[in-house]
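You will see chain A twice below: alongside chain B first, and alongside chain C after that.
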Partner chain A sequence: MAILEEPIKEVSLIKNFIGGEWLKSKGEVKDVVNPATGKTIAKVPISTRDEIDAAVKAAQEAFPDWRTTTPLARSRCLFRLKELLEENFEEVSRIQTQEHGKTIDESRGETRRGIENVEVACGIPTLMQGYFSEDIASGIDEWLIPTPLGVFGIIGPFNFPFMIPLWSAPYAVATGNCVVIKPSSEVPNSQTRLTELADEAGFPPGVWNMVHGGRTVVTGMLEHPGINGIAFVGSTPTAKYIYKACGETGKRVIAQGGAKNFMVIMPDANIEATIPALMTSFFGNTGQRCLSGANLLIVGDDRFYNSFMDAVAAAASRIVIGYGLDESVQMGPVRDKEKKEKILGYIESGIQQGAKLRLDGRGQVKIAGDYPQTCFLGATIFENVTPDMKIGSEEIFGPVMSVMRAKNLDEVIEMCNASPFGNGQAIFTSSGKNAREFQYRITSGNVGINVGIVAPMAFFPFSGMKDSFFGILHTQGQEAVRFFTESKVVIQRWL
Partner chain B sequence: MAKIVEKRRVHCPMRHVSAFILKGDDGNITVKCGLLKACGDSCPYLKNPNYKSSYRSSPEYKPE
Partner chain C sequence: MEINTASATISFAKKLEEDSAKFYEDLFQRYAKDEDVLLSFAKENRKNVVQIERTYYGVITDAIEGCFAFNINPDEYTLKTELAEEASYSEALDKAVGIEERMIKFYSDAAEQSRSLMADIPRAFTLIARKREGRESKLRSLKEG
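Coming up: the complex of A and B.
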């Protein structure tokens, strides 16, 4: 198939957006490289402490007027943003593919899921209503008002450059707060385009800010007394660090971390539907997803196991790999060569620790089209994996499947619950009893039943348990509305 | 006004949304979709009401 036109045609220096103005950073600049083609597509600044301070100041100054703007008026900006995102849907999607490497189908799905959060936040006039009790005592009434807090920092990861900040930002601004977004410096173009559209949508200066960079910007957010809370998505060690730092400075926090998700196969699973679901779960987004399948846990006798694994390996070996703007491609490259090296290290450790390499994605990858091998990896499958091996316990964040076996559902649940992570575990079965037992006993924030990617819709929280999440309230939907508002309780008596 | 004789719901792979294809008794086809204005002429169902994407996000299961 033909390659779709790339939306980014020239290398430009990306700017920060502070107080309604596009400002050139004084920080150092680094290249943003398309992982499929190896070409530099932009230059991103690593902004300074002064620049994050300026963004917080602009947000603080914008807050009083924005907070007193009616929820209906605030939602109109979101309605307009939704329209603009639909008008620019394809461009925004292709930017994601160009800078991240995922397939265009995955990017379109990511764009849709991001827009859905804007759509849900458009309902803020009802979503942020309080409640009232008349006569809590004689002649006394009491009510609750959800009120905005001020300024929130939103720190995005590299794996979903467009969507993940939209798990938070629409709800933050809809409830009357102002935001400072720090996109991943590896994939800054998607958020830059989103910010251009947010500006066009009519948010007043200072309500929606964006500062590019790295650790200095994050530290600046965490230490700044003008920031009331942080929404973060990334690795578990960083999530723990963010959570701790927010605790020390009294900020509320959503800190979503990593995962090691089990996909459980019962002998009564519908094989025809399960195999494609596993392919997208383990190898979709090239495994760079906190809801990706990581450990395939199979229950059943040798005959079932062998035939099932033959089908899994055959399907995985047929995945079409290439540049995501080629619409026939089913798996793109990993984000950069450092991440590829890390994944290769895990594969090596799997071999050394005695796992059986059933499908080897290393070496020369068969790529559709003429692209450098630099960031490409093939689908990899290990059998005979045990939970104590690195490939069975640590998050690899790449297209690697670790296959384990269990005797029965009790052992399945014991193995899954022994993992320090609890993000997105799933069972494939045709038994309602097994499914109910699994969802009831599993310690996982998101649970799939015959669903391989357990991504909650925008009107449900993106949950997470154990080392996959630090905080109380989650991103998306009603929980996000609660996170971005403080409960003010009023008790009234007129004498 | 033509009477609707056929209604189909489709999943549009371009926008990842549901849409409806209506066929009238006069043979005319109408696409009913909340995003039609945004998509304009690029809507694949306007060009071909029976449009089906050949793309599969993963290899299908092929029993031996």
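Coming up: the complex of A and C.
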């Protein structure tokens, strides 16, 4: 199968975008490495406190004019951005694969999901309408006006370098706010290209800013009095920290954290249709996804269990691994060597704690093409896992399936609800009663019924419960519009 | 090597359409007959490519089984477009019918296998399979005429 052409051909120093200008950072520089090839593809700055301050200042200065720009005019900028994203769809997708390692189908899917949020935000003239009550008392009317707040910080993770900031940014600017985006320094190219397109779409200087970096930039955002709110997606410990810091400084916050999702298999599941869904759920994006399946929980007798697991193991062992720009590849590398080491540590702990290693993804991985082993891992399956084991309770963020068993649906729900996480649990069944019972009793922000990746469309909120989410309103759709606006209520009487 | 991913399936479909378009163009060049039909087929093939790509890019999502949906053996569908030196026009039309039959089988199988994807994808494959059924009968009528 042919390898698609790489869009990034030269190593360049990435710049910040502040106040409508591309500025070279004064901070240190680190390499961005393609995890499949091991080649450096860009250099990213670790920006300074002064630079984040400058971006916030630019956003604050842009805010008064932008908030008085009509919603229709603001939506036209988003329509132009949508058109530019469609025109550059393939390039943007290949950049994601080149810097992150995911397969090209996954990258294109990520691009499409990102664009869908821009499309939804294009409806802001309607989405942002308030409401009105006449005669709440004699001669008195009352109405609500959603108003923008000012400047928002958006902090993106490494696993979806293009899409996740788009869960927030289009709604923030559509509602009349200005944004400062900090992409993950591991995968800065996708947001850089997006920002170039946002610039081309005609957002006024200061409305859409981007500052690359690490902890200094995040701390700068959290401490800056000019930032009204933060949208963050990342690990649970960091989400908790950000939630707390925003509470202390009076900022609004969406803090999406990690997960440990259960995929529940009932004995009446359609096995043929379930296997591909499980492969996508557990091994798609190389398991680096907060909606990935982590624990496979099977209900049924030994005969059902054994035949089901034979099918799962056979399918997992056939997964084609390699560079995501090879169209035949079904699973790419993990993002970097350190992440691979961490996953290997979890696999070791599973063995130490007595789980049965059914499929071992360690060692020499069979790779399609000639690429270094550095970041590649094979699909791994553990059986006899219990919820107290590390591999059964902690987020591994890699291609590892931990298989458990339950006697019945009651035990399933008990096990799932005992997890501190509540991001994306799913059941596979052909029984409507089982499905209804599961979705009703489960404490999970996103619930799947015969769907392995419970990713809400852009016009639904990306929900999350317990340690998977800290905040009240979520990213995407109407909830994002509410998050990025303050409700102003007017009560009027003419005397 | 089997084709498993949506991306590889779309690329394979494009290749089949291109090979088939070239076959019809060569057929007209060689026999100088039925220009309107043969060249319209080639044109329609390229339209099919646009249609398939538009559908794929419009609904591709990593949340559904894009990387695990297909199980296609390309050898079963690869087109044999070479014509013998001495082949008559009637024999060439027989070959064209064979090509259309293979294409119909490919699109029907791809539609069946992609049922778990967004509905637009199997629908697009099915529509093209149906269009090609019409071609098959047209080619047979050219032969008879």
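Note that in this section the second predicted complex is superposed on the first by the 495 of 495 C-alpha atoms of A that agree within 3 Å, B and C clash if a C-alpha of one lies under 4 Å from a C-alpha of the other, contacts with A are read in each partner's own complex, and residues count from 1 in each chain.
In this section, a residue touches a chain if its C-beta (ideal position, glycine included) is under 8 Å from a C-beta of that chain, and two chains touch if they have at least 3 such contacts.
Computed from a predicted structure; not experimentally measured.
With both structures placed on the common chain, the touch criterion links A:285 to chain C but leaves chain B unconnected. In the superposition on chain A, A:420 makes contact with neither chain B nor chain C.
Contact with both chain B and chain C is seen for A:328 once the two complexes are overlaid on the shared chain. In the superposed model, A:247 makes contact with neither chain B nor chain C.
When the two complexes are overlaid on their common chain A, residue A:112 makes contact with chain B and with chain C alike.
Of the two partner chains placed around the shared chain by superposition, chain C is the only one that A:453 touches, whereas chain B remains out of contact. Using the contact criterion defined above for the overlaid structures, shared-chain residue A:276 touches chain B and also reaches chain C. Common to the chain B and chain C interfaces on chain A are residues 89, 103, 105-106, 108-109, 112, 276, 279-280, 284, 315, 327-328, 330. Only residues 13-17, 35, 38, 42, 55-64 of chain B touch chain A when the two sit together in their complex. The touching residues of chain A, counted against chain C in their complex, run 1-2, 89, 102-110, 112-113, 273, 276-277, 279-280, 284-285, 291, 315, 320, 327-331, 451-455. Considering their complex, residues 1, 3-8, 11, 57-69, 116 of chain C touch chain A. Contact residues on chain A toward chain B in their complex (touch as defined above): 83, 86-87, 89-90, 103, 105-106, 108-109, 111-112, 271-272, 274-276, 279-280, 283-284, 310-311, 314-316, 318-319, 327-328, 330.
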